[in-house]
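Which chain is which? They are A, B, C and D, in the order written, and residues in each are numbered from 1.
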Amino acid sequence: MFATESRICVRYKETDQMGVVHHSNYYIWFEVGRSDFLKELGLNYRELEQRGLMLPVLETHCTYKQSARYDDQVIIRTKLTELKGVRLTMAYEAIRERDKALLAYGSTVHAFTDNNLKPINLKKAFPDIYDVFIKCLEK
Amino acid sequence: MFATESRICVRYKETDQMGVVHHSNYYIWFEVGRSDFLKELGLNYRELEQRGLMLPVLETHCTYKQSARYDDQVIIRTKLTELKGVRLTMAYEAIRERDKALLAYGSTVHAFTDNNLKPINLKKAFPDIYDVFIKCLEK
Amino acid sequence: MFATESRICVRYKETDQMGVVHHSNYYIWFEVGRSDFLKELGLNYRELEQRGLMLPVLETHCTYKQSARYDDQVIIRTKLTELKGVRLTMAYEAIRERDKALLAYGSTVHAFTDNNLKPINLKKAFPDIYDVFIKCLEK
Amino acid sequence: MFATESRICVRYKETDQMGVVHHSNYYIWFEVGRSDFLKELGLNYRELEQRGLMLPVLETHCTYKQSARYDDQVIIRTKLTELKGVRLTMAYEAIRERDKALLAYGSTVHAFTDNNLKPINLKKAFPDIYDVFIKCLEK
């Protein structure tokens, strides 16, 4: 299955007083992965918004296995796992580069909306983009 | 069931270019709710860490129903929903104060560990704290 | 001089692995102070943006005296210190409530722009708002 | 003068409802620049903390010239500009890669402390590190 890899270097700001990365940051890294994934498909998210397509988040989930620490190199593996007319689901893994340890994995579900956050049917409104996603799922 | 309410006023920094609150902030608000919940039980989390008990996050989930916007007053309702010897689960609702609309709901699962993030059995290591949680579940 | 006070309870997320609040958060607290200050003057910033006035930041400064820690109650004192046709300057103090210790102080300079971030002359474009600021400086 | 360059790709999370990067993020980028700068000198900040040296922030300043936007490539140029026995000052520029536009510039002042945030004299406590900084200033 088609997947992209994004590389993150853990920022000092991303740690908390537990000495490890605060759990909320994984969602920000997943978003970086999502942005790179779309770019790899030729779908720059900046341009999607300009064309009038937004992908607001409906659901997020993450399971944490090991802690990331300041200055760790982390790879975010991103995949598209499901596509429906009104939503898509993406899955992510955060892997520590040094030893390939799985730090966390998660998923996000997104709606298709216009710039006013009104739901739209992707297949009808943006058939070219729908096709790109479909082909990506078939890989 | 015993629940606490924390009040959040949405910060400008918490918005993104979609014009609404970025989804990752709900987890930060849930953490505020969790902190207040523990305080209400007489368990200041700052003191728990000083006594050698940490509650690192094992799992997080959130479902988003409506967007929060800058300057909205949001209530975080927090409950303890499950307690085992080595972990607990908490549930949260984010409610817009103005119209009582449910903006999002979610949950977090936490391990019990010492300051080095080694798992501990709460019932054995901190029976007084275990009792507080048990009583809270029975309410 | 007219000043407002905003109360912040330090969030766990705001700490870093040094065990204290990360320095960048003071600017977010100052923004909370600024938002409350404007509201106190009857100038809700949400409404200002809707009327077509934005206050993007031109300059920021902060001096740190003592560390804030998780769960500390912090008061942000906010004042308007200078007003020109095209910019204003605000000053802030972050004070620990418990012992009134000054944790940090700083300032931010803001331009007046329209929604496209084009500079505007406040006195000409929004004389009513200009008057409110002038009166505030005279207090 | 010796300087390092760090490359940042603007994250969606770093934008706010003004449609541009929130001003507080520049300080986080400066911190990334600082981390890379130290690493380039052979001084991994993670190891410095393990050896008992911390560099808490005493002062921060930033002037904003142009807005960064989502997905912009930004270069952070970092320099050491002053070294005293008890503090150092670093300077930063944020440059948009595409057109080399200067987006912002700033500086941070840091104390030398031990792990308990007690001030120390760098020259006496860590002469090897002091020497590295001195040589860097002379370049």
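In this section, a residue touches a chain if its C-beta (ideal position, glycine included) is under 8 Å from a C-beta of that chain, and two chains touch if they have at least 3 such contacts.
Keep in mind the model is a prediction, meaning the values are calculated, not measured.
S.K.: Could you tell me which chain lies farthest from chain D when each chain's centre is the average position of its Cα atoms?
M.R.: B
S.K.: When A-C is set beside A-B, which has more C-beta pairs in contact?
M.R.: Result of the comparison of A-C and A-B: A-B.
S.K.: What whole-Å value do you get for the distance between chain A and chain C if each is reduced to the mean of its CA atoms?
M.R.: Centre separation, chain A to chain C: 34 Å.
S.K.: Please work out the Cα centroid separation of chain B and chain C, and write it as a whole number of Å.
M.R.: Those two chain centres are 28 Å apart.
S.K.: Indicate the whole-number Å distance between the mean C-alpha point of chain A and the mean C-alpha point of chain B.
M.R.: The mean C-alpha positions of chain A and chain B differ by 24 Å.
S.K.: Among the residues of chain C, which ones contact at least 2 other chains?
M.R.: In chain C, 12-13, 17-18, 20, 24, 28, 31, 70 touch at least two other chains.
S.K.: Considering the complex alone, what residue numbers of chain D touch chain C?
M.R.: Against chain C, chain D makes touches at 17-18, 20, 23-25, 27-28, 31, 49, 54, 56-64, 67, 117.
S.K.: Can you tell me which positions in chain A touch chain D when the two form their complex?
M.R.: Result: residues 9, 11-13, 28, 31-32, 35, 44-46, 69-71 of chain A touch chain D.
S.K.: Please name which positions on chain D make contact with chain B in the complex.
M.R.: My answer: residues 12-13, 15-20, 22, 24, 70.
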